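Take a look at the structure below.
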């Protein structure tokens, strides 16, 4: 049991980290009332920038490269998400439409530039990805240490910490109160003197930053290179985590961890003799079936922020 | 006022397409390619001769259907990200019937098409049911159903339709939509009769939504569930119905691939993307039937034409994805285009 | 003269319409100033201009004599102007405290909201002005009256000296209105000034010092309330004479149409709110249900109309058992229903007026044949109803959303009455409407009675109940506790009955 | 610097295609093209290898891309046919379809265009103007299986497959047979990712395998294998002493295994698609197009080899044992199983 945990937990953490980060971005954006179907595209951008930056500057930054790469990915993700922000906040675009366009645009740009810059459809593998480490001190805690603090990506911890930060920011600070107010009842926020558009811009840019981070973390911990198939569906899984987690940062984190656990179990189970007779396909679809069962069984109805998806046009009802 | 609105309704997409293409030209220039050559290649790739025209039509066919699938659900206020999975199971079911049954064409072909539609409908039924009865968000369920469709279909191909092979036999010719005659006049393109089915489906969607009591209810539920309930409509039934019909359209798209383009189904290592493209087609087509047909055609033309760009102009095909994305942005931001147009008109006076 | 606020020659245009055309209003320090006008006259627009939500095309605003430019609500707040909006500006999932502090939150060192300080300050304020609120309750869980007190606290919390109330009483029960009037008086005592928008002339006469009247966007003038009376105000506002006393013949009740026996209904929180209720309504009579909000009226109506399930008991409509049938079956059995919330239930706002007219009948001939709609028939019908019920709309193709509340309500009434239902349930049918519109709607209800319909009128307006009903059933704690004749009772007596003070005696009479 | 190089290469490409579109290529020139599967021309696998073969041939004959040889990239299944047809209409003489996914399309094209020659790599088609090129991957997998068995200390090795299919089963069967030939007691953990592009799944599987004591993993899973390499390197980074290995596939994946001073790539099962492609081009250019035939390239035909680049890991000892088995395969002593059924019979015979 102990050993099983020791082997499963780290895999859950590395698998879930990019989903957590991206889902947090989704939570910020949707809490402010801007639907973000574009999470997939933001991840693509993050993965692309993370890899390209890493390949290009590895000689300059040495072992710091992955860290600076994710910063670059966050910056570009933020800028990229501005497109979604401008379209859906300032131009009153249908937010779903804009998000879908973000997804196509990101993949288009990423692969186009890869081909133009590298002359081929995929980049080389990076020399300086993230590696797992043991967390000093904590790793020696009996029982818990080996399970949670040995052989873990620091980025996984960053993801978890950021989830708590997001919870604090959204539920404990004036900024969070205002952001949520804007997503529930923008006109009420407006009459209280809150700048609705500005809050939404900030939220969408945060989602770009976190989506970019999520994509870059995926690329630099798991894929090691960029191609059209590096990010395939993770953004949609992150979106599912946002909804599964009922638009709550910790809920979204829980949902992402649940996805990771389900995936990890489906891999682990196929090695367990007792389960060996189960058809492979059952194990493959188990993570998705479990999610449906969980939602149908006990998670149930989730209420989106009331003004989610509705452009705020001053002076209209 | 209304004629003005109609004019804008036409102008906005046209302007969007033009700006999108201009932006594409700028990108080509910036990355060191010749935009004229690039677009010439795009044109040749889509309309160069009868072959490419045939292929363009073939490519358009399933896009119209998945566009309808997404648009139909949107009309009832539902977001069907599951068209992808519905395409896959529709494809599987159609080919399955195409392989397993021995019957004259007049029975076999409709049966196979129907099987595709029903399978897609079934795949839409579950998310609809969960949404209607338990309030579970259809977006997550449909995303999950996509993966389930993919893996289950692969398993069926491997263990039921074949003996551990990756591709099935070709379907019986009695279940095929392919037309030697159409192919012969298009230099052996894979054009098939499916386009007629797609256009018919668009007509059906228009008719249901705009002319029947079903459409009246579906839209009403999409706009306001409380009022619909008050008016005596069965909200749950309409939600389920909408997902089922949407799923059936997507299932038909799969059937077009299975019975028309390929005549087989193969183990897939990833999604077909037809369903995801359908979202963009639906949105670009403003969720109405005619719009979807035109948007599907635009997609088909750009995607088919893109194939010629790397060979003829050295431009990566992804340029087209960028252009399509930009067009979608501009259409979505029609508010600003309208605003500029109004400014322009005022300036004239 | 010492003015707190002056709005001089304000002009505000919307595309295609001048909402405020050269309007002037001057608010003296320490007065309650009424703003009166028909629906759509431009009252809300004018106040939104003052609050910084709209920018006027022309005109000047002065605060304490100084010209100011208010281009967003923050500036209004800073100038000490607070507004209680016609539609509440409250974030439902938030608590009372969160709503009040939103936008000017106290913080502690870690950037965390300092809830303790906020709560204390709110408590102090509410004690001072007698505004009873529970600072930790969620908005979605408190009564409309308390929500309004939260709105008032919001303005006070921001240090408002001038308070604008936009139709505050439209959504309140008589008790709550009384409380509000007390609150307004205590505000004045503390040196605040108030602009009050209301359609209820009685209220103006009761609390206001002066009244500015506007008609179709134009200022008509300002009068001292002490020098005028209700009918003068009404004719100033409408531009013609208005009848206050509804004229009607005595009722001629016939067969029992609605028979409710021993009905129990649970609300969303699974608590019984209707507890063994009995009620009869006969054809040719109007029965008014009087009661304080929250005593089960909503649940009663929902159970009769099929929108909620009855836990036990029976409901008969024209001798047919309709208990727990679907809304469609009940409608087909002869029910017409003017719902309380016209935006939520009454209309599909994104459908055209024409499409809304057939909301319950679209599937019947002649509006559809073999499931295919006939728009010719649908819009033809809609045109007739629009004319007959004086619904002011550019066309039947206009979206319902674009109509004013009064016209939306007329369209709903037209739709429900036109089906000639055996039973017509009207819940709060005149809420938020001006006197002209109210007069029209009351007339229509009585006409319908005279044609032989049974009418159940649920309203929190005692005036309305007493004016229109032939019989009043008083509802308290889920039961009908008294049946009285309007001409044999007074508002005071009704008020006591509604408060449950004579339950036992009333219980006897109701048998 | 790498970026710069690639950039200029792209430029030359563009220019050469400029000339290519002039349409006036002399018809007596022999023109060869290939259509990739969705992996793309630089998939570090058989597409890339095939392209290297064609490019090598072209450059040897003084041709440039677009003038005499070319490739078309397929982004999705629906692209195969238009890509093939485009080359037919541009009068290419020989068109390769790379990968079993193109089987149906090459078959159809061969029937529709009898005047053009076609070749399918990794599958069989049936037409007199088409040749089928297959590889004896099972042989190469057998050899790396031997190497794995020699290298493992735990006697547990792993196989990660992409999509469960007869082709990948060939790899699996050969690999297991090779390992068990050395040591019948050896345990082989087999897992399929059901995708050739799911690095996360690859990494999950690899983590699970290495944690359970597997110390050599052979992957035949395309980009899913990225996750396998990634995990192996991560473990190595943290614990340079730990002995664990990845065996690459299709091309020499030495580069992918580099980590600090180590390299986790033990060896790679190399499929010389370039050799096969050049062979077929030469034959057909000389008028001896092997139409209707099925060519199988194995060890004997130089179509299958294994890599010995990682000298540290592939010791003399291992190499010589692998070569012994190679000899046995060559002289027919060992018949390498290609399917799970054949594998079972083979294991019984051990």
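By written order: A, B, C and D. Residues from 1 in each chain.
Just so we're on the same page, contacts are C-beta pairs under 8 Å (C-beta built on N, C-alpha and C of every residue); 3 or more make two chains touch, one makes a residue touch a chain.
According to UniProt, the chain labels map to these proteins: A, B = ABC transporter permease; C = ABC transporter ATP-binding protein.
Predicted model, so just to flag it, every value in this text is computed and none were measured.
> From the centre of subunit B (ABC transporter permease), which chain's CA centre is farthest?
Centre of mass proxy via C-alpha means gives C as farthest from subunit B (ABC transporter permease).
> Suppose each chain is reduced to the average of its Cα coordinates; what separation in Å results between subunit A (ABC transporter permease) and subunit C?
45
> Roughly how far is subunit B (ABC transporter permease) from subunit D, going centre to centre by Cα mean, in whole Å?
Here the centre of subunit D sits 35 Å away from the centre of subunit B (ABC transporter permease).
> Just give me the whole-number Å value for how far the CA centre of subunit C lies from that of subunit D.
Their C-alpha centroids are separated by 75 Å.
> Taking the mean of the C-alpha atoms as each chain's centre, how many Å separate subunit B (ABC transporter permease) from subunit C?
47
> Got the subunit C residues that touch at least 2 other chains?
Touching at least two other chains: none.
> Can you list every residue of subunit A (ABC transporter permease) that touches 2 or more other chains, as numbers and ranges?
115-116, 229, 232, 280, 284 - these are the residues of subunit A (ABC transporter permease) that touch more than one other chain.
> Where in subunit D do residues touch at least two different other chains?
Answer for subunit D, listing residues that touch two or more other chains: 10, 13, 73, 75, 164, 194, 197.
> Going by the touch rule stated at the top, which chains touch which?
Contact pairs between chains: A-B, A-C, A-D, B-C, B-D.
> Looking at the complex, which residues from subunit B (ABC transporter permease) come into contact with subunit C?
The touching residues are 211-217, 219-220, 223-224, 226-234.
> Which residues of subunit D touch subunit A (ABC transporter permease) once you look at their complex with the stated criterion?
The touching residues are 2-3, 6-7, 9-10, 13, 40-44, 73, 75, 164, 189, 191-192, 194, 197-201, 203-205, 207-209, 211-212, 223, 226-227, 229-230, 233-234, 237-238, 255-256, 258.
> Residue numbers of subunit A (ABC transporter permease) touching subunit C in their complex, please.
It is residues 168, 172-175, 177-178, 180-181, 184-185, 187-194, 306, 314-315, 317 of subunit A (ABC transporter permease) that touch subunit C.
> Which stretch or stretches of subunit C touch subunit B (ABC transporter permease) in the complex?
Per the touch definition, subunit C meets subunit B (ABC transporter permease) at residues 305, 307, 326-332, 337, 339, 344-351, 355, 359-360, 362-363, 368, 371-373.
> Given the complex with subunit B (ABC transporter permease), which residues does subunit A (ABC transporter permease) contribute to the contact?
83, 86-88, 90-94, 96-98, 100-105, 107-109, 111-113, 115-116, 229, 232-233, 236-237, 239-240, 243-244, 279-281, 284-285, 287-289, 291-292, 295-296, 299-302, 304
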